[in-house]
Amino acid sequence: MAGDRRRIQGPEVTVAPIIIKSSDKGKIQLTDANGQRRDGRNLEDIRPIFLKTGLISQANGSAYIELRRTKIACGVYGPRQTKIPSFSGKGNLNCEIKFTPFSCLKRRQPYRDAQEKELSQLVFEALAPSIRLDLLPKSTIDIYISVLENDGMASCFAAAITCASVAVADAGIEMLDQVAACSASYIDGDIYMDSDLVEEQRESGSLVLSYMPSLNEVTHILQSGEVEVSLTTQAIEQCTDTCSKIYSVMNHSLLESVKNRIQ
Amino acid sequence: MSSRLELIGPQGLRTDGRRFNELRNMNCKPSVLSQADGSAYIEQGNTKCLAAVYGPREARTKAQVLHNRANINVEISLAPFSMEERKKRSKSDKRILEIASAVKQTFEPIIMTELYARSQIDIYLQILQFDGGTVQICINAATLAIIDAGIPMKDYVCACSAGCIDDEPVLDLNHLEESNTPELTVALLPKNDKITLLQMESRLHIDKFQQVMEMAAKGCKEIHTVLDKAVRENIKDLLKKSSI
Amino acid sequence: MPPALISPSENDYILRGVDSNIRADGRGRLDYRQIILETGLITQASGSARCRLGEGTDVLVGIKVELGAVELDGADEDVAAIKAKRGRVVCNVECSPIASQQFAGRGADDFNNELTQMLDRVLNGPQGGLNLEKLCIIPGQQCWIVYIDAIVLDYAGNILDTIFMATRAALYNTKIPKTIIQDRGDGEIEFDISDDEEEWERIEGWDKVPVAITLNKIGSRHIVDATPLEELTTEAKLLVTVNKDGKVCGLQKSGGGSINPSLLNDMVQTGRSLGQSLIQSLDEMLQREENDINLKRARKERIEKLGFFAAI
């Protein structure tokens, strides 16, 4: 303070630092002349998925997913005994998603904020229809999702659902079907599948769809932004098709992990 | 105070046109909500309050169960748009907790809790617009709501505030007057003139105290007439509807 | 959410009723309860409205417009530049313990958070309809921040729809103070707020604010405006937000069940048509109220705001 003579005081008048603007790269173009996106994809292609289970040895089931720069790890503990003494005929599903402080452009708080609480609720809603909770009375399944790097909020959310579903399967919990999720952005009347952070900034709307391919049921849909109904319907169709593709990747990784365990 | 706020104008009128012994315009209506056992809505001047009473019900936590009485629980929430400046107040705001505790202590001896052992009576108050007189409007609203819920009480509890402007005792202060003059809140049982709550947080000269308190007590009696009228009209209305 | 219980026979009763297009209170699947709307109840707020559905759900929305600093961050410069010229909207939903026993203490926290995020997702941004550019006073520095606070006073099912209806009406009632900007020349811009209430303008874009239709999937059919018992029977809910032009401004599914994609499309279409007719009837109600007030003012009669004194 004013009377603290042990420290070297800075000048009393302070001026905000001048942030030098990065050299004008001009407006970033999302697609080039051929209609290809910045990383060579078409509008309806999703980023290549790397999905592997068994990452966390302590958990009953775990999975790790990478969509180029989005990295998410998920651990599943359960079924284990519910701490609450009251009886419940169905199992309890508890989802917690957490963005690590270094995952986003701006540092996030270490404690759970409102957005994370809501996303946790949404992940629960996306996964609950697929898990056979009625076979697990008095038990709880805990799903902990950690986002290590976030390259697009909507695609991150979709990848988290996919990852969690694989982790639950890896834990050996009975499910009706796997839940595959994908995201789409509405930019200038076009539908960009699986958009990254830069594309997301320019979107006028986004859609996240989670789908159970074998049962042909949508478990969760979240859309924001002002969109024509026809475009929405088209996007839903594209998303369900993409989800089927993601489904085969999920099955492949689960088969691999089973093979490794047998050997 | 050097700030020359004209709290009493040249003709003896206050900032809202009242005389020194006039209550603010008061309107009340019981039974306004569908889910609560008893509810009431009160407007005193520009202060608006909604009260809901649930009970007597089974106590929710074992810790709060009293073996020979009902447990009374009071919760007050202030809407973020209720004051001049928008501010979101958390439920554990110290000031609000203090008022809730005052209301609880006022009603504990009045409600006949011995009739409902091991149960819980919840009083929830929501302040929609704030213009001074929180404690008094909470108590008045709670009284109406408890009567509407059919919970037996020994008497009405009517509360009123009074203060002292320019050495003159004045009745029922609004927010502007509250911030600039000493304020005394009194809660009274009208039948036998017993005082159940007396609260003052500023400095008042002891010579003035008697006058101010008497003025507040008179105001309580006036409020009692208004509340009583509202209750009777509500019952008449109910009887009319049920006799069809 | 509500941990209330429903018996299997009650469940069955509602299921079969919905299948035959008859609900417990006699309505059809797509019928709304009677909507009562009133604006201008809270004099200290910049705008307010109260919406009541039938004899049940009651929501009070208060809007306060206050000065604040512009949001300065954004991932890249283009986005940051756009944000610097806009005002802001901050939403908050609070379920009062008055509405229901389970909202006492901390019981409502999660639900409040969920509702706030849902409201925020629709209203914050261009799809919210409000002209945010007009709310900016000095680009890059000062803007108007619109605080939308909703309080749920009575709970009888279908909260989100009521909140949106009340918000829309409250925004209709909101007036933004006029600012007079003076450029002092040396890069410093000062502004003054005019005190004359007659000069205040209605917030622009209130008519483009979307309304929400919650469609509840019961069995293989869907209903709107569910009562608490019907909500307990619901497997999955779909929230469709539609604006005046028929554009879908948001879709969100909640609940522990799943929906067939073709049923999903059906629900979206239903939601859209219902939403448009709802907006029409709401606008008519608001217009009627405004006409009544103007008539009374012309006749120099006292304008009485019924508020909670309206007969139940």
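By written order: A, B and C. Residues from 1 in each chain.
The criterion applied here is as follows: contacts are C-beta pairs under 8 Å (C-beta built on N, C-alpha and C of every residue); 3 or more make two chains touch, one makes a residue touch a chain.
What you are looking at is a predicted structure, and each value in this text was computed from that prediction instead of being measured.
Enquirer: Measuring centre to centre, with centres taken as mean CA positions, what chain is farthest from subunit C?
Expert: Farthest from subunit C by mean C-alpha position: B.
Enquirer: Taking every chain's C-alpha mean, which one sits closest to the mean of all protein C-alpha atoms?
Expert: If we average C-alpha coordinates per chain, C lands closest to the whole-structure average.
Enquirer: Could you tell me the distance, in whole angstrom, between the mean C-alpha positions of subunit A and subunit B?
Expert: 51
Enquirer: So the centre of each chain is just the mean of its C-alpha atoms; given that, what is the distance between subunit B and subunit C in Å?
Expert: Result: the chain centres lie 31 Å from each other.
Enquirer: Take the average of all CA coordinates in subunit A, do the same for subunit C, and state the distance between these two points in whole angstrom.
Expert: 28
Enquirer: Mind listing the subunit A positions that touch subunit C in their complex?
Expert: It comes out as residues 21-22, 27-28, 105-106, 114-115, 117-118, 121, 125, 128-130, 197-198, 201-202, 204-205, 207, 211-212, 215-229, 232-233, 236-237, 240.
Enquirer: Residues of subunit C touching subunit B in their complex?
Expert: Its residues touching subunit B are 41-45, 48, 55-56, 58, 60, 62-64, 66, 92, 94, 96-101, 104-106, 147, 149, 151, 153-156, 307-309, 312.
Enquirer: Which positions of subunit B touch subunit C when the two form their complex?
Expert: 27, 29, 31-36, 39, 41, 46, 48, 50-52, 54, 57, 73, 75, 77, 79-86, 88, 91, 122, 124, 126, 128-131
Enquirer: So in the complex, which bits of subunit C are touching subunit A?
Expert: 73-79, 110, 113-114, 116-117, 121-122, 125-127, 236, 238, 243, 246-261, 264-265, 268-269, 272
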